[in-house]
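The structure is given below, and queries will be raised subsequently.
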């Protein structure tokens, strides 16, 4: 099973050795969405301009979670992130999130960007679940990736 | 904005006071899926029976993450979980995950179940991304919920 | 040195045994302030109404830190907090912060309230240090405390 | 609000991009104090020479907290600290603390030094609160800073 | 494989459901030792009375680690510890450690006591490794256990 | 007490300054064992091939713990690990574990390898304690070390 690099020749999990890889500038962008009732969206939208800033809190949660990715994902390397940003956009009955993570190092930051997206979405869910338990999170994926041996990659669906 | 209970009358975020709520047995079940190339799924399937157990590792990651929910989600209460389980099912070109969390306490465990789902999915992504960067996570939602003032709730889509 | 309860009869540190104490409703309120240049305060004030919400982020940081008090303070007991709130007030050249923590349990929540104050203040410092490195934090203290054997306590200076 | 670098042009919080900054040797020194009853100070002083070493424990707590700064302060970068030291001095009715943090990197270590001070002070409070709840923490500030674009900075009050 | 309770009927790991178990007073005592060169032991012994308190720091590390057991051991339940103590004894060429953990709850605290022992031993190793890399840790085991369905248990070797 | 480098000239603990040390490739290998009843070993062995994979979970726990070493061991530097692997071998009535940690940096990774061993052993204990409380952990030691000023070191007992 050499195709899955997180396993050695005996099929045992390990944290892949990246000590010989070049240190390059790396960036990853991930996205996701949470769909909800129109009324829930209206409450979130109101909070941006006045009281109850759901998205401001979800942004902070996403940024903080990105920094803890290697604690959460068993075989992720600890990475000194140089930049994290989380943006939201409001649609008719959904909020979309887009997270960017960057580092200069020997391994990529896809998991950091995806973790920021997931925890930002979960935070929106948490803050709105009192009025809307049926929210659904979807389209969570890597959108773009720069740096490293595999170079520039863009999601086919983008 | 009293509808969103995570904000006080002034619209400021707080960790809601649950000190007066009854302590009841609570359970939440959440689900999600990650779609992938058939070849990626084949690698995961092979690992269940032989080498490279992706799902075994994702299960552990999900269980461990559930225990850290209150560190990740800003306004979640710390909860002494009494039970966490994570199950997977293989479909044609996707893995579905279902997490159950339980406690006896003053507040629900929806976020714990959802966090287990999200981190289990992210771990699958991490372990397979060397062969399939285009995997997409979706249908992440609360499926069922027992206990507490609101009683039994089932997702409309179930 | 029996006066300092965190040490046993031999003077060795331990986490005090609270297993025999009654479980009571407990609350602690702590306060603090950070003084700054008038221009720094103006930037913070502007952020409340428009862009760059320093205090909203500091509030979240304080609440999240309260939940991690027992990881930071060596001999603190882990406590299932039932409520945390952090409030700010703007003075001529300072921001004051006031944090409330509550639980129902065998030990008090003074340290949780104080930790929320400290990390909220540090977050304000962090976010404004690019324009004002000379900010000073002071008057950090327990203001009030309810519950437990010692009952109601109010800081002499209040 | 471009003056506060933790916000982007739209006023949204982000973890500032430091990927293009030079890696330089950086040092920060922060200070603070906790005032207390003379009897409390006497207990602490006794512990240094015999039983109940309050300051030894507070030093360890401060050093350990410095390593976790980026988990506590939302927009702080994770930093591989190369040195942390925490010193105490006893005054008539107060303990002063002074923490030094160092790294070689793209961003400063002011927050790490300040976090060490805050948690060291809180630990002293925790260990002495059974005899003196009225202790007050103050004068917590950055004292000195070396390295990075802004070079050497000394607090005006020093 | 029903004998190993951390697996369900399908052999999948889960965090065992303890929600139906009685809440009882529980205590566990664990022990261990680290053997070393006589000169290393002499340095540790000197530190107890004067400068360089290795054991004081190892004690704090053990107590703090006990509080984080459920983060480290994948299927451990989070437990509100009510008491933790760590004691050391010096032998001819070894230090022995003994840790006690207590709670009132639905599950035992063996892992908390053992984790305190392990991290206390590791901290001694860390602080002395500059003079003695060959230290060996051994005899790490549960010594005694009270409370819960299985009642009082004493290690056969004790 | 200059021999113990974790203390300064006054005998106060500090995180040693490694800022001037050369960055070199470093590797450490640590080992340990847990002895148990033959029946317990048989259950573990069965799990490798079928249901209840104790060692697979212990491996993940060890790898994840290695990444958190600097949070657990008070004076350890945070280290960006580039590789972690944990292997097990089965003997007549014991499991032996061997952990390798690597980095490119200014300080060694002995503690990371030892922490992986300790937490892997504790996880085996946790998962088998329902059938065998008398398991004993021993022979936990550094086996080999490469890189840094002291160069290649091998345990005398190896």
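Order of writing sets the labels: A, B, C, D, E and F. Residues in every chain begin at 1.
Here is the rule we go by: a residue touches a chain if its C-beta (ideal position, glycine included) is under 8 Å from a C-beta of that chain, and two chains touch if they have at least 3 such contacts.
Keep in mind the model is a prediction, meaning the values are calculated, not measured.
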Copies chain F and chain B - interface residue numbers shared by over half, same or different: same
Chain whose mean Cα position lies farthest from chain D: B
Centroid spacing, where centroids are CA-atom means, of chain D and chain F in whole angstrom: 31
Chain centre separation in whole Å, for chain F relative to chain E (CA means): 16
Touching two or more other chains - residue numbers and ranges from chain C: 12-13, 53, 56-57, 60-61, 64, 68, 71, 74-75, 78-80
Category of the chain touch graph - line, ring, star, complete, other: other
Interchain pairs in contact, sorted by label: A-B, A-C, A-D, A-F, B-C, B-E, B-F, C-D, C-E, D-E, D-F, E-F
Contact footprint of chain F on chain E as seen in their complex: 1, 3-7, 10-13, 32, 43, 46-47, 50-54, 57, 60-61, 64-65, 68, 71-76, 110-111, 114-115, 118-119, 121-123, 125-131, 133-142, 145, 153, 155-157
In the complex with chain F, residue positions of chain B that touch it: 53, 56-57, 60-61, 64
Residues of chain B that touch chain C when the two form their complex: 8, 12-19, 70-71, 74-75, 77-80, 105-106
In the complex, chain B residues that touch chain E: 25, 56, 59-60, 63-64, 67-68, 78-87, 102-104
